[in-house]
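Structure first, commentary second.
Chains: A, B, C and D, in written order; residue numbering restarts at 1 for each.
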Amino acid sequence: MKCVKLYIFGFIVALLFSVGVQSNDLYAAPKAITDIKVIDIPNDDGTGLQIEWKALPKESRIISYRIYRGTSKDTLFFIGEIPINVKTGANSASMSYYDKDYNEFLDIRSPGRLKPEKKAGKTGPFYQKIPKDMKIVGPMLKDYSILGVIAKDEYYHKTKKITKIVNEKEQTYAGLKSSQITLVKKLIPGKEYFYSIIAVDEKRNYWPAETVASGKPIDNEPADPADFYATYLPETQTLSFEWGHPLSYDDINTYKIFVKSANDAAPGKLIYESNTPQPYASPDYAILKLQDQKVVKSGNVLFDFSKTSVDQCEFYIMFTDYSMLSSMSQPITAKYISKSDLPVIPRLNIIDKKNDKGDYNTLFWGKPVAYINSVQTVGKNTIQLSYDYGANCGYKVNQIYFDIYDKDNKLIKKVNEFFQDNIFKVKLDQSMEEQGELKVKIRFKYNGEVDEDYVIDQKLVYDSAIMSLRPSKISVDGRVLEDFNFTLMKKTQNTPLYRSLKKVSGIERESDDKVAYESSIFKGVSEYSLENNMFLVDTNIDVYWNKDTQSTISTSIYVSEKDNVVNKIKQQIAEVEGLIEKTNVPAEIEYYELYLTKFKNDLVAIESDNLLKEINSISNEKLRMKKIASIREVDKRKFNYFMMMSNGKGYVVEDSLNINEDGELDYVIPVSNWFDMEKLPTLIASLLFGMLVFVFVTLARKGKNLYIRPIAGIDEIDNAIGRATEMGRPILFCPGLSGIGDVATLAGLSILGRIAKKAAEYDTRILVPCRDYIVIPIAQEIVREAHFEAGRPDSFDKNNVFFVSDQQFAYVAGVNGVMLREKTATNFYMGMFYAESLIMTETGSTTGAIQIAGTDAVTQVPFFITTCDYTLIGEELYAASAYLARQPLMLGTLKAQDYAKFFILLFLILGTILSSFHITTIINIFPNK
Amino acid sequence: MFEIVSNWVAAFLTLCIFSFLYKDNPFYRFAEYLFVGVTAGYTIPLTWEMAFIPYVYRPLFLQHKFILLIPAFIGILYIFTFNRKLNWLSRYPIAFGMGMVGMGVPLSMHASVLVQMRGAMIPIESINSLLVFIGTITILLYFYFSKAHTGTYGKVVKIGIWYMMIGFGASFGYTVMARISLLIGRIQFLVSDVLHIIK
Amino acid sequence: MKRSIPLAIVIILGFLFVGYVFIPHKISSDFYEWYMEWMKAMSPFGVILGIMSIIMTHTARIQHKVPNWQYSIVTLIAMIFTAYAGFAWGTQEGTPFMWLFKNVQMPMGATMFSLLAFYIASASYKAFRARSAEATVLLLAAIIVMLGQVPVGVSLFGEGINDITHWILNVPNLASKRGIALGVGLGMVATSLRILLGIERTYLGGGE
Amino acid sequence: MNIFERLQMLDRRWIFLVVAIAIIVPLIIPFNSKTYTTEPTEKLYRLIDSFAPGQDEKPIEKDRALLLVFTHDASTMSELFPMEVAILRHCFARKIKVFTLTFLPSAAPIMDYAINTVKEEFPEVKSGEHYVNFGYKIGALMLPIILGMGEDISEAVDIDAEGRKISSLPIMKNIKNYNEMNLIMDFSGSSAGGAWIVYARSKFGANVGAGVTAVMAADQYPYLQTGQLTGMLAGLKGAAEYEKLVDVFATNQDPAKREFSRELLKDTKYDDAITNPNIKTKFKQARIGMNAQSVAHIMIIVFILIGNIGYFITKYKQKQQG
């Protein structure tokens, strides 16, 4: 008693002491940052700033730097944090924070009202995150360019129609509360932003920087193009270009290629121009087919190479961004190539990915490949080769043949890989080093036939650095497959521009493209409504792409505003017509008329659109939006795919376009599947097992005697309970460490029922320490029920089933305590256990308790076996509950299990024997993942 | 200074736990109860922050997804566990959670039976693969409950037991190193971080 | 009512989840998302069970003045103080809450874990007896593997000890793991099926 | 009761005491023991060493780099930390370009600690020039980063732990993607390699190595056999072997001896590392640990033997009496 007080006292003193230490600043190291620089990020679209400051020394014991931003010196909001390891300090002298791209502005976690960072002064200028308070955040919308991310259902059905006068015109908006929308921001080019930093030390004291720095993001020209290559193939008069993206290419809008004579000082002629499919990246190549040595575009000759031949020309590429700032590459010359330099591009196939929920397309091409990826020595002069193989859904690989030759082309071994475990062994006559080189020829048997014409060659060359044979690149017909990459592209209906999807290596044969279901709508946010406390966004939404009129049909999300889009176009037409009337410069008129035609076309398209009429005939808001959604969401997920192959240096081959029967581009949409065919064996096996259970349960019910062999641990349970009773000591039952989702726990709890009943009959206390919250009520119920069944409801104490801790080792500490202080005579461990098992069983054996364990955790069985008196291994744990229950239903399932095991054995033996004779039919029935 | 105090507290508690090896004593008891208390206390704010706020408070009070009142109400029924008359109510949340066990039938069949079976059907090309095959078969027979382990069958099953015992022995021996490493880690903490004996 | 409705919930949800495994359709994954959203909304209340259980057991211990009841005060104070620290000063790095985690909870957990080194030694001493052929095999396998892992083993028995260790791990150990795993897998299927069909219902407790 | 019977009944506490002594003494009192290097470790060492710039080459120009991924928390530090230190020391001594990265918040301080531990001894090594700490990236970014690095590292990772733009750092010269950053070492307490094998290895052909705890090693061997893992360091033993290789070659006083050779390895003058005051303790942590391991393993085996001798003698006596 006395010493307990002492401990508590000691602990409190220690705590107070440490708190006291907290409040005293014992070090003299500097805490506040003195110098902050705000630097414009080069080559960007004018929305990025870099904040740089000098890191404080290790002695300052800083744990993080908090960065604050605002549009004036006296209101700065928290925007981000850089954590620092307090023990080591920052790794380098200067620290940076990048405020660029779209990033967090406001979301559901933002504070409700303006909250100053109290530790840095109650009156500012430092505040926590931007608050949801519309009075504060509303006016800030104009200081940034803001994008709202809205869950699709919120936008479709849960907005409020709000009209507001903007620019002296009444406008209708969709209003959304701050909980319905997530806002992300970009900086506005040319606007001044203020930044400061708070250093936080390990006691969470805030040390505001001495200065507030400011800077303006500036829209710069794109970085200079590098990696620009051109090739010319005279046989087909094809000029090909390839280039690499510069680092920041988000705002590049057009790519232009110019040509000029090498010895001519005059500016070049534009021969190629393409736009980027914003906001996606465009593929970085261009192919120009010359007509009679001329570059022709819509009837105009842009350049004539018959006057200046290609080898006398120089080419350069220009990147232009949205603000018309541009950068230019160094001039290069085209390399002459021949047709044999280019590979033959395999045909790209697109199918819906099988067995998925409909958000993937599978793209595949070409024949399967296999290659050796590593070589190891496994015995004297025996090497083990491991290989990888890539196939696609067009080919079912049955066998792979590896023929190994030495450097003199003498055949060493033929390997038939019918069982593709990615590994085989070869015995050599001499060591790898003496062998020096091996040649491998790889052939396939696929779709049931051997393809003798398709041979992959690979060399394995001895590399003294790793003292092993190193696999080289692989080739087919003398062409190295790794030299060329595939670039996959796709496009939607409403643009002619393909976007670059991904680059895959030349040895891959299949790739999945995710076509996600639409879940969010993106809308720019610049207006707000103070009285409604809402952000305002545009009410128009794209419905679909009308193929016939070649225009995107859009409409308002409100029935009352359904003519909104038409009115807007009419208004635009009126405006342009007004402009035409005012001017008499022919060039301007031509320019305006271009727009006029476009608007008029759009007007016709939208007014004549039948689908839109159908939509607008629905007067119920909700039904109308459902109709719109059903059209829109299908239309947005339609894609056309395309592929090209290149070596990154201008050697480019394009696949032909994917066209349907009508000669139009083929747009595919993934399908949601209703049954996973890969799980068919599982379904059959589960049904068969279910039938077995049914048969044996019926048999058991009819009173058939089902024999179950004695299981050592289970038979001892009664004796162990008896022993505890004799000694007058309690029993401990530990239901494992996992929750009720784990069947091991359920099996354990089922056993607890029997044990608790016996214990209640003998009037012996049973203690059940739990680690999972949900197990507590279940275990309590089970024990209570057992006491009722035994006719001793009075002896049940719910405090005997108790929670210890959900932390693994705190639980163990608690259970150890129970064992020692309650002096349990019998300990049961039934369920799932981890590393702690040995701590508990060893403590149990120091108290001399009888211990019986049962677990399906194979890693813990060894410890139970060595330290417990009896152990139920794996499946025996599950069998135990049925065995103890002796009910026909339970015994029936146990019997069914046994017969299922018989089938497993049968298949194992059959499968193994057949596969030893090169027949893999049975193996292939079974799923491999 | 702050770090030194922190280290000393940690070291003191470490020693308290180690003292258990000698015998149960007030120091260990103090550490044990403190440990249990701190871990329990640790869970409360974390559950509040990581579960209650994002899954109950925000959807209900900020996004007005009132349908979530139903699961929140079912969740509250847990509390009736400790009431003798109404404890049957706590079966509802439990039952709701148990629903997922249904998934266990096909998933275990798939991942733990069929996939494992495929893994076991390796062509016998060497002594070792034959030995693995024999081992797998005989162990499976050991778990066959419909026949007593007698006679020839008993001898076959015995082979399975031998395999298991070798496997268990190997696991045991294999774990020793990791466990010693843990202790080394603790002792290094005491010796170098706290006492600064090793530099 | 008290028992049959929860049982019905388990069976209906159970079969829906069986379907979920076989049906990749969007409806199926929407069902799963709905279920997880509901489970998450229920989850925070489970913790109350644990906390209430701790409070009840420990106050009962204090009330009845059972032996060592004084320590229960430590548990209760530690729990309340830690929780208070979390709410009052936050849970970030540098707060008293994190201090408690780093300097109280973590070292004690690690030390508890490291006790295994002692117990593995005492277990080998006390329990590794060559009582029978099987026990001998277990013991020998353990010794060989232990030797194979330290340089001393190689010094004493040569490189061969490594090969034997590898063989033991790759052949008998592999077979053992595979055989047990197959049995366990089947047992899991059977137990899940018993719950799904309502044969096994211990988790609902007794009574009507 | 004779001594064997008494030993049979021996109190556990004596065993605990012996264990404590057996582990503490080798940690405090150093003694030399031979570390045998095995082929997998040597192979990994040589692969990393092949990334070192040549005699006349500027380190900055080298077009090879190594990525260390920290995927473990403090609980497995005693086994994995010495490996990380040994490899970093190898890199710093040989001016091999090295990057560090983690997707686990609790691993970030360990990563900093490892770098600083080694950096203290190499004042000429500079962040951004010889090594870069990419820092902690949130788990959700794991896949995009692993895949993105196949195209362009500076684009995928963007900024380092100090907030600097990767593309502007001098170390990135000649380093673009997995073709140059050719080896990834994943240090993990659970499943090492995982996503790196699936994505970086099979899609881009990067070499993936693993540093794992001793218990996990058995599960990782299949990957090593199928070549999916290029190399593996397992537990303290692997770390100790690597430490020795770094001592013998990478930090050798004689520049001519810095290339790997079997003969030099056999030289017994390198066996005194643990008592050699010139080698800092932090660079032989694993070997000291292995001393403790050796003693502990032998001690446990001796326990088993004594226990069994006692058991048989007692049984024999009982038989004689009965």
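Keep this in mind: contacts are C-beta pairs under 8 Å (C-beta built on N, C-alpha and C of every residue); 3 or more make two chains touch, one makes a residue touch a chain.
Since the structure is predicted, the reported quantities are computational estimates derived from the model, not experimental observations.
**Q** Taking all protein C-alpha atoms shown, work out their mean, then name the chain whose own C-alpha mean is nearest to it.
**A** Going by the distance between chain centres and the overall C-alpha centre, it is A.
**Q** Identify the chain pair with more contacting C-beta pairs: A-C or B-C.
**A** By the number of C-beta pairs in contact, the winner is B-C.
**Q** If you average the CA atoms of chain C and of chain D, how far apart do the two points sit, in angstrom?
**A** Roughly 29 Å, centre to centre.
**Q** Can you give the whole-Å distance between the Cα centres of chain B and chain C?
**A** Distance between chain centres, rounded to whole Å: 2 Å.
**Q** Of all the residues in chain A, which ones touch at least 2 other chains?
**A** Within chain A, the residues that touch at least two other chains are 4, 7, 18, 83, 202-203, 421, 679, 682-683, 686, 689, 740, 743, 746, 773-774, 776-778, 780-781, 806-807, 809-810, 813, 821, 842, 858, 861-863, 865-866, 873-875, 879, 894, 897, 901, 904.
**Q** Could you list the positions in chain D whose residues touch two or more of the other chains?
**A** Residues 12, 16, 19, 23, 214, 218, 235, 237, 293, 296-297, 300 of chain D touch two or more partner chains.
**Q** Tell me, which residues of chain C touch at least two other chains?
**A** 18, 21-22, 46-47, 49-50, 54, 56, 68, 71, 74, 77, 99, 105-106, 108-110, 112-113, 115-118, 120, 122, 124, 126, 128, 138-139, 142-143, 146, 149-150, 169-170, 173, 177, 180-184, 186, 188-189, 191-193, 195, 203-205, 207
**Q** Think of each chain as a node with edges to the chains it touches; is that a line, ring, star, complete or other?
**A** It is complete, because no pair of chains fails to touch.
**Q** How about chain A: which of its residues touch chain C in the complex?
**A** Its residues touching chain C are 1, 4, 7-8, 18-19, 63-64, 83, 200-204, 355-358, 517, 672-676, 679, 682-683, 686, 689-690, 693, 697, 740, 743, 746-747, 749-750, 752-753, 770, 773-774, 776-778, 780-782, 784-786, 788-789, 799, 802-803, 806-810, 812-813, 821, 835-836, 838-839, 841-842, 845, 856, 858, 861-863, 865-867, 873-875, 877-879, 881, 889-890, 893-894, 896-897, 900-901, 904.
**Q** Given the complex with chain D, which residues does chain C contribute to the contact?
**A** 106, 110, 113, 117-118, 120-122, 124-126, 128-131, 139, 142-143, 146-147, 149-155, 162, 169-170, 173
**Q** Under the definition above, what is the set of chain B residues touching chain D in their complex?
**A** So the residues of chain B in touch with chain D come to 21-23, 174-178, 180-185, 187-188, 191, 197-199.
**Q** Which residues of chain A touch chain D in their complex?
**A** Interface residues on the chain A side: 50, 55, 82-83, 85, 87-92, 94-98, 247, 373-374, 376-377, 384, 386-388, 421-423, 465-468, 503-505, 508, 842, 846.
**Q** Under the touch definition given earlier, write down the residues of chain B that touch chain A in their complex.
**A** 1-2, 5-6, 8-9, 17, 20, 24, 26-27, 29-36, 38-40, 42-43, 58, 62-64, 78, 81-82, 87, 90, 94, 97-98, 100-101, 104-106, 108-110, 113-115, 117-118, 120-125, 133, 136-137, 140-141, 143-149, 164, 168-169, 171-172, 175
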